[in-house]
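Next come two complexes built around subunit A: one with subunit B, the other with subunit C.
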Partner chain A sequence: MSAIAWALPALPLVVGALLLLAGRRADRGAPILGVAAGLGTLGLAVAAAVARPDVTFPLFAGLPAGMAVDGLSAVLVVTVASAALAVLVFAAGDIGPDEARARFFGLMLVFAAAMLVTVTATDLAVLLMAWEVMGAMSYALIGFWWHDDERVESANVAFLTTRAGDLGLYFAAGCAVAGTHSLSLDALPDAASPWRDLVAAGVVLAALGKSAQLPFSFWLSRAMAGPSPVSALLHSATMVAAGAYLLLRVHPLLESTGWAETLVAWAGALTALVMGAVAVAQRDLKQLLAASTVAQIGFMVLAAGVGSVAGGTAQLVAHAAVKCLLFLGAGAFLTALGTKDLSELHGAARRYRLVGVTFGVGALALAGLPPLSIWATKDTILASTPGSLYAVGLAGGVLAAAYSVKMIVAVWHPQDALTRDDAEQPGTRHVGLAEKLPMPVLAAVGVGFGIVALPGVLGPWQKLLGASGEHGPTALELVISGGLAVLVAAVVASRRVRVPRLAVAENWLYLGQAADRLVARPVLALANALAWFDDRVLDGAVRAVAAGGRAAATVTSRRVELPTDGLVDGLGRAVRRLAALARRPQTGQVHTYYAQAAVLLVVLTLVVVLVG
Partner chain B sequence: MTVLSLVIFLPLVAALALYLFRLGDRASVWTWIVASAADLAIVVALWIGYDGPGIGYETNARWIPSVRAGYHLGADGLSLPLLALTSFLFLGCAVYSLRQTHRVRTFAALFLFLETVSLGLFAALDLLLFFVFFDLSIVAMYFVIAGWGHGERLRSALRFFLYTFFGSLALLLGFIGLYLGSSPKTFDMVELTRNPPLADSPGLAGLVLLAIVVGLAVKTPTVPFHTWLPPAHTDAPAAGSAILAGVLLKMGTYGFVRIAMPMLPDAWRKYAWVIVIVGAVSVVYGALVALAQRNLKRLIAYTSVNHMGYIVLAVGAAGLAGDEAARRLAVTGAVTQMVSHGLLTGALFLLCGVLYERTTSYDMDEYGGVARVAPVFAGLLAVASFGSLGLPGLSGFIAEFQIFTGVIGAGTTGAAIAGGISVLGVLITAALFLRLLQRVLLGEPGTLTAKVTDVGVAERLAIVPMLALAVVIGVAPRFLLDLVEPVSSAVIALVAR
Partner chain C sequence: MNTMNPMMRENPADLLPELLTLFGAVLGLLTGMFVPRQRQWIAALVCAAGVLAGLVAAAFAVSGPRLMTFDSFMLDPVTHVTRLTVLGTTLLVLALGFAPMRGHRRETEFHVLTVFTALGTIALGAASDLLVLVAAYLLASIPAYALAGFRKDGKGAESALKYYLMGALLGLLMLTGVTLLYGLGRSTSYETLARDLPSNAAVTVGAILLVAGLLFKAGAVPAHFWVPDVAEGSSPVVATLVTTVPKIGALAALFRLGDEVMPHSWALTIALIATATMTLGNLAAFGQDNVRRLLAYSTISQAGYLLVPVAMAGRTDLAEPALLYYVAAYALTNLGAFAVVVAVGRDRISDYRGLARRSPLLALSLVICLLGLIGTPPTAVFVGKVLMLGAAVEGHYIWLAVVAAVNTVASVFYYLRWVVPLYSRAEGEPPAVSRPAALVVYLTTALTLALGIGSGIALSLN
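Up next, the complex of A and B:
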C-alpha cells in the first residue's frame, strides 16, 4: 500500500534523473522514455487516488516526515500526472531532434515529480524540499535555451523571485517547531500565538510568490522565455498551482489566525482583477496567457481565503486543463508559424483547424461562458464570497471574458495585411500528430469539468475534499455571471469597442522594473559597498597592523638597536685599545722584561710598606 | 599501537617512505592515493564498528606527565564524520593531483603530513595535543601555498601564516587558562569536560572564553577575522584550497563544539548572544561580499564565510534559552554543515582549479558559454553551485534547514530574529551562484571560453564522488544524523550545566 506513495514520485524522478545523467547520448530515446514514464505516473496517480496510501519516515530528530494521499491530494496527483502526460506527448513532437531532448524530458519529469511530492507532503520539511526542487527545475527549464543571455536572465528572475517567497516557508518551519514541536501541516492551527501568526505569514508569503500573485507577478511574464511545453506545465498543474494548493491545504491555519483569511482573499481577488486588466492589455499571445494565469490563480487564492476548498480545487483542475490546452495551442502556432504576436496570428486557427477549434473551446471556457467549466467553478468560489469581494471577483470574471475573446478573435480573424509569418523564428508550417493528440482530451475536460458544480455532483465532490457544508452557487449567481460573460464576449467579438492602450497594464504594472530598482540594484550596491569596506577598511586595518609591526621593527632597529649596538661596539673598541696598549711591553727582549720585573718589584715593595 | 594512531600516522609513514625509497613523481602520487584510500577504508570501518554513544577507540598514553598532558585519542559522533570527511577529501585531492607536474614528491609528502595533522586534530582528546596539530596545520598549509600557489603566493602565504598563527596564540592562551583553572590541573579534554574549570570565577572564565573564541574565530573564519581567507584561497593551488576550506576551516568550528561549549558552559551561555550575532553577521555579510566579487575563487572563498556563519549561529543559539529539542536540531545541523561544506566547497575549489589550469584566470567576466565547450564540467559546477546555495536533494539543505529550524524553533525572540535574518543568506547565495553560472557557463562565449576543455578522467574521479556523497546526504541523511544526534544531545546537556 505505502509502496504506491513512494513509487508515484519515484518513477518520474528516477527516470528524469537518469535522462539528465545520460545527457545527449539519450536524446534519441528521451521522448519515448519520457512519455512512457508519464503514462506510468498517471497510472500510479490513479492507483494512489484509489488506494490513498500514507507513509511516514524519519528525517530529522523528533520531526517525522511523511507523504499521504487524502481527497485533496488525490485530485491533485491525478491532475498533475494528467497535465504532465499531455505536455510530454506534445513535447515529443514539439521539441525537435536537434534539441537537447534528454535534458528537456529529464527536467520535465523531475519537475512533475517535485509537484507530486509537494501535493502529497504531510509536513513542512518534505513540502519545502519538493517546493524548492520545483523552483530549481523551473529555472533550468525557463533557461533551457541557455545560449541566450536574455533567457538566462529570465530564469534567474524566476528562481530568485520565487525563492524570496520561499524564505517564508523556511521561517514558517522554524516557527512551527517553536509553536507545535512538530512540522506537521495538520498541527499548524494548534500553534500557540504568536507562532501561529508567524507561520501563517510565512506560508502566505511563499504561496503568493510561487503563484505569482501581486506583487510577485512579474516573474511569470519572464518565464515565457522557456519552450512552450514548459509554459504549458508550469502554468497549469505545477509551480503556480502549488501556491494555490498550499493555501487550500492550510486553510484551517488561515482560518485560525483571524487575519490571514481576509488578507489572502483580498490578495487573490485584487490579483484576479488587476492582472485581468493586464491580460486584456497584452499584445503577445503567451504574455496574455501568462497574465490570465495569474488572474485565474487569483480566484483559487480567493477561494482559500473565503474557505471554498471545493470551489478552489475545482477551479484549479478546470484551469489546469484549459490553460494547458491554450499553451499547447499557442506553442503549436509558434512552432508552425513562427510568431506569437496577436495581430500576426490572424488566420492561424483557420490554417490549423484542430488546433484552432480546441484553442477556441479552451478560450471560451476561460472566458467563463456557460455552460463551460470555469463558469461553474468560479461561481462556486464566488458563492462563498461576501459583498465587496464578490464584486471584485465578478469584475475579474468580466475581464476574463474580455481577454479570452480577444484571443479567439485574433486567431480566428481571417488572414490580412497584419498577418506576418516567422516574425520571431522560422516556422515549420506543420503541426504533427503528437502535438494534436492531447488537445481534444484537454478540451473535453475544459468543457465538462463544470459538472462538479451541479447540485447532484457538488455534494460528493465536497465530500471527496472533506469540505462538506460549503456553499454552492445559487441559480441567480450563475445567471448573473454567465450573462455578464456572454455580454462582454459579444461586445469584444463585435469589435465595436476599442480597448484603450494602457502602458501600465501592458508592462505588467512595471513590477519587474520596480523589483529591479527597489530591490536588486540596492542590494548589489550594498554588496559592492561592503566589498569595498571589506577590502579597504577591514583588511586595511589588518594591513595597518602588519605595517605598524614593520614600522615598530624599523624604529627598534634604528633607535634602540643602534645605541645598544654602539655601546657594545664601544666596549669592544676600548678593550681592543687596552689590548694594544698591553701588547706594547711584550717586546720579546730579555732586558726589557728584567727592567719591567724590577719596576714591578719596587712598586710591590712600596705598596706593602705603605699599606702595612 | 591503536587503530586511531594507525589512522593518524599512516599518511606520515607514507610521506617518509616517499623520501626513504626516493620515489619518482608518478610513484609518489600513487603512494599518496593508496595511503589515503587505505586510511579512508579504516575510518569507514571505524564508523561501521563504532558503538556509541560516547568515546570509542580510546587511547591514553603518558606524554608530558609534568603538566598532565597525555597522548589521549578517541572518536565519537562528532569526530567520526570529520575524520571520514578528512580522509575522503585528501583521497579526492590525491586523485586530482595525478595531473600535478611541479615537484610532485614534496607536494605529496606535504599533503600526507597535512593529512596526519588534520586527522590527529579531530581525534585528539588532549588540549596540548590538539594545539600541536592545530599549529602544524598552519605550517603545512603555509608551505603548500608558498610552494605551489600562484599570483602573489608568498605574500598570501605569509599573511595566512601570521594571521592564523596569531589566532592559534590566542587559542594557546585560552588553553593555558583552562589548565590553570582546572583542579587537579590537567590538559585532558575528557576531564575538563567532566569538571568544567573556572566554574566559580565567571570573570576569568569569560576572558578564557574570549581567548578561545578569538582563536577559533580566526580559523573558522568569522567576520571580522576572515580577511586572510580570500587571498589565501585565491593564490593557493586547487588541492590546497580544497583542503583549506574543506578540512582546515572545520578545525575552528569543531573547536567550538568540542572545547568551548562543553568546557566553559556558564560563560558560553552568558555570551551566547554575542556568538549568535557574529554568526548572523557572518551569514549576511559573507554572502553580500561574495555577491560583489568578479574573481571566481574569491567569490567561493567568501561563501565559506557565509556557510561557516550558519554553524556559528547554530552553536551560539545552542547556548541560549529555549526549547531543548530545537537546539539539539541546530547543533546537528551545524555538524552536518561541517561535512556538507567540506564536500561542496571542496568540489567547487577543485572545479576552479580545472578552469585555472586551462586558462590561468579566475576572472568570471572573461568566461561565458563554457557549457558549450565543457558540458561535463558545466554539469558538475551546476550541481556543486546548487548544493552550495542550499537546494534540497543535496547536503547543504539538510544542514541549513536544521540550523534554521533549530534556531528559530528554540522559541526565543532573539533567536527567531537572528534566524529570520540569517534565512536571507539563502536568497543572497542563490543570487550569487546564479550569477556565477550565468557568467561562466551560460550565454555568449567570452574571451577565454575557447581555451577551456572538459574535465579529464582524474578530475572527474576526484570531483564526482564528492558531489555524489553530497547527494546521498541530501536524499538519505539518516546514516549521518544517527551518528551525530547523540553528540548534539550530549553537547546541549553539557552546556546546560
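Up next, the complex of A and C:
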C-alpha cells in the first residue's frame, strides 16, 4: 500500500532527474519518455486516490514525517497528474526538436513530482522540501530560454518573490516545533496561543506569496516569460495552486486563530476583484490569462477563508482544467501565429478551428456562464460567504465574465487589415496532433465539472473531502450569478461599451514597481550600506589592527628589539669572556695547578669557617 | 641521618662481588702470563667474566639486609648502587677496550688494571672507615695512573704524570685531613666520628682536606685540573674509564661522609664546591673544539650537579635516591658519549661533519647521549636532574637549584655545538666507524633510554 505513496512522486522525480542528468543526449527520446512518465504518474495517482496510502518515516529525531493521501489529496493528485499529462502531451508537439527537450521534460517532471509531494505531505518538513523544489523548478522553467537576459530577470523576480513568501513557511515550521513539539499539519491548531497565531501568519504569508495573491501578484506577470506549457502547468495545477491548496489544507488552523480566516477571505476576495480588473485591462493574451489566474485563485483563497473546502477544491479542479486549456490554446496560437497580442490574434480561432472551439469553450467556462463548471464551483464558494464578501466575490465574477468574453471576441473576430502575424516571433502556421490532443479532454472537464455543485453530487463530493455540512449554492444565487455573467458577456460581446483604459490596471497596479521601490531598492540600499560598513568599518578595523600591529612591530624592532638584542648579545659576549677566563686556569703546567688548588682550598676553608 | 645501628658481622661472603671480581682479575693476570700474545684475549675474557660474576653477585646482594662487615665496609643502598654501576660500566669499558687492545703487548695488563681501578672505586664507595677510605683511594688511583700513560707516547706520559702529581698532592692533603680528624675524633670509624667529633674550625679544616682527595677522584673544583689533560692525552678508552668509573665511588664516599659523619657546615662547603664546579666546567666547555676536552669539561660540570645531592646529604630523604639515580644515569650517558669518540676515533668537532650520513644510528645515539647529558626527557639524566633539583629545593638550598638550572640552560650551547655538525654536509670523506665500539654505543644509549623511561620502576625499587 505504502509503495504507491512512494512511487507516486518517485516516478516523475526519477525520470525527470535522469533526463536532467542525461542532458542533450536524451533530447530525442525525452518527449516519449516524458509522456510515458506522465501517463504512469496519472495511473499511480488514480491508484493512490483509490487506495489512500499512508506512510510515515523518521526525518528528524522525535519529529516523524510522512506522506498520506486523504480525500483532498486524492483529488489534488489526480488533478496534478492529469494536468501534467495534458501539458506534457502538448509540449511534445510544442517544444521543437531543436530545443533542449531533455532539460524541459526533466524539469517539468520534477516540478510535477514536487507538487505531488506537496499535496500529500502530512508535515511541514516534507511540505517545505517539496515547496522549495517546486520554487526552484519554477525558476528553472521560467528562465528556460536562459540566453535571453530579460527572461532570466523574470525568473529571478518570480523566484525571489515566492522565496520571500516562503520564509513564512520556515517561520511557521519553527513556531510549530516550539508550539506543538511536532511538525504535523494536523497538530497545528492545537499549538499554544502565541505560537498558533505565529504559525498561521507564516503559513498565510507563504501561501499568498506562492499563489500570487495581493500584494505578491506581479511575479506571475513576469512568469509569462517561460514557454507556454510551463505557464499552462504553473497556472493550473501546480505552483499557484499550491498556495490555495495549503490554505484549504490548514483551514482548521485558520479557523482556530479567529483572525486568519477573515484575513484570508478578504485577501482572496479583493484579489479576485482587483486582479479581475487588471485582467480586463490586459491587451496581451498571456498577461490576461495570468491576471485571470490570480483572480480565480482568489476565489479559492476566499473559499479557504470562509471554510468552503468543497467549493474551493472544486474551483481548483475546474480552474485547473480550464486554465490549462486556455494556456495551451494561447501557446498554440503563439507558436502558430507568432503573437499573443489580442488585437493581432483576430481570426486565430477561425484559422485553427479545433483550438478556437476548445479555447472558446474554456473561456466561456472561465466567464462563469451557466451551465459550465466555474459558474457552479464559484457559486458553491459564494454560498458560504457572508454579505459584503459576497458582493465583492460577485463583482469579481462579473469581471471574470468581462475578460473571458474579451478573449473570445479577440480570437473569433474576423481577420482584418490591421492583423499582422509574427508580431513577436516567427510562427509555424501549424498546430500539430500532439498539441490538439489534450484540448478536447480539458474542454470536456471544463464544461462538465460543475456537476459537483449539483445537489445530488455535492453531498458525496463534500464527503470525499471531509467537508460535509458546508452550504451548497441556492437556486437564487445560481440564477443571480449566472444572469449577471450572461448579461456582462452579452454586453462585452456586443462591443457597445468601451472598456476604459486604466493605466493602473494595465500595469498590474504597478505592484512590481512598488515592490522594486519599497522592497528591492531599500534592501539593496541597506545591503550597500552594510557592505560599506563592512568594507570601511569592520574591514577598516581589521586593517587598522594589522597596521597597528605593524607599527607596534616597527616601534618594537627599533626601540625594544635593539636594546633587547643588545642585552642578549651583551650576555653572550660576557659569557664568552667568562668562558675564556674559565679556560685560563688550565695552563697545562702542574705547578700552577698546585698553586690554584691550594689557594682555592684555603679560600674555601676561610669562607666556610667564617660564614658557616 | 642513619641513626639505626646496622648489624655487624665479619662474613667474607658479604664481599662476594668484590672477591669474584678480584679473583677474575688475578686469574686473568696469571692467564696473561702463560698465553702467547695472540691469545691474550683469553685473559681479557677471564677478567670480563670475573666482572660479570661480580655484577651478578652484586645484583643478588641488593636484597640483603643493611649491615656493616669487617667493621669498615657498609652494605647499604649506596654500596649496592656503587657496585652495580661500577661493575656495569667497567664491563662496558672492557668491551670498549677489547678491540683496540687486541694484540697489544700489554693487553692483559690493561684489562687487569681496569678491573683493579673498579675494585678500588667500589671500596671507596663502601668504606665507612677513614683508613679504608685512604686505602681505597690509593687502589683506585694507582692503576688509573698507569692506564693514563699506557700508550707510552709523549702526550700519554704527560697526562699520566699530571694525573699522578695531582693525585699525590690531594692524596697527601686527604691523609692530613684524616690525621686531623682522627686526632679530633679519636677514631677513624665513621660511627665513632659521628658521635665524638666536636664542632669547631679545626674539624672544618680537616673535613675540607679529606674532601679534597675525594674531589680529585670526582674531578671537581679545585682538583679538576687533571680531567681535561688526561681525557685528551690518554687513549680514548682510558679517558672513558677515568671520567666515568672513579667518579661513582668518590661521590658515593662523599655522600656517605656527609650522611653518616655530617661534620659542621657540610652543606655549605659542598654547595660552594658544587657551584664552582658546575659553573667552571660549563664555561670552560664553551670554546672547546676538541670533543674529548669538551666531554672532559662536561664531566666536570656533571660532577658539580652530582655534588648537589651530596651537599643535601642528611638534609632531605630525597638526597640519596637523587644521587644514586643521577650517578648511575650519568655513568651510562657519559660512557655512551665517550664510546662514540672511541668508535669514530677522531677528536675535532669538525671531524664529525656528516656523520649522520655515514652512520645515522651512531649519530642518533650521540645526539641522544648529548641531549641526555643536558637532561632532556626521556633520557635517564633527566630524571636524575629532576630529583637533584628537588633535593636542593627540599633541602632549602633554592639558590643552588637556581644555579644548577641556569648552568643546565647554558650547557645546551656547547652540546649543540657538537650536534649540529653531525647533520651538516660533509666536506671530505666522513670518518670510518669501529663496529664493536658502535655496538657498545647502541647498547649504552638503549640502556639510558630504558632507564629514563623505566624511571618509575627504577625509583620504586629504591
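Operating definition for what follows: the second predicted complex is superposed on the first by the 551 of 612 C-alpha atoms of A that agree within 3 Å, B and C clash if a C-alpha of one lies under 4 Å from a C-alpha of the other, contacts with A are read in each partner's own complex, and residues count from 1 in each chain.
Just so we're on the same page, a residue touches a chain if its C-beta (ideal position, glycine included) is under 8 Å from a C-beta of that chain, and two chains touch if they have at least 3 such contacts.
Everything numeric here is computed off the predicted structure, so don't read it as measured data.
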Subunit B versus subunit C as contact partner of A:526, first or second or both or neither: first
Touched subunit A residues, subunit B compared with subunit C: B
Touching partner for A:608 - first (subunit B), second (subunit C), both, neither: second
Partner chain(s) touched by A:594 [first = subunit B, second = subunit C, both, neither]: second
Which of subunit B and subunit C A:586 touches, first, second, both or neither: second
Partner chain in contact with A:575 - subunit B first, subunit C second, else both or neither: second
Subunit B versus subunit C as contact partner of A:475, first or second or both or neither: neither
Which of subunit B and subunit C A:534 touches, first, second, both or neither: first
Subunit B versus subunit C as contact partner of A:503, first or second or both or neither: neither
Which of subunit B and subunit C A:433 touches, first, second, both or neither: neither
Interface residues of subunit A shared between complexes with subunit B and subunit C: none
Footprint of subunit B on subunit A - complex, ascending: 23-24, 58-63, 125, 128-130, 132-133, 136, 139, 143, 146-149, 152-153, 155-156, 159-160, 163-164, 167, 170-171, 173-178, 181, 183, 195, 198, 523-524, 526-528, 530-531, 534, 538-539, 542, 546
Partner subunit A, residues of subunit B touching it in the complex: 159, 162-163, 224, 227-228, 285, 288-289, 291-293, 323, 325-326, 328-329, 332, 369, 371-372, 375, 379, 386, 391-393, 397, 401-402, 404-411, 416, 419-420, 423-424, 426-428, 430-431, 434-435, 438, 441-444, 477-478, 481, 485, 488
Contacting residues of subunit A [partner subunit C, same complex]: 575-576, 578-583, 585-586, 588, 590, 593-594, 596-597, 599-601, 604-605, 607-609, 611-612
Residues of subunit C touching subunit A in the complex: 161-162, 165-166, 169-170, 173, 201, 204-205, 208-209, 212, 221-223, 225-226, 228-229, 264-265, 268-269, 272-273, 276, 279-280, 283-287, 410
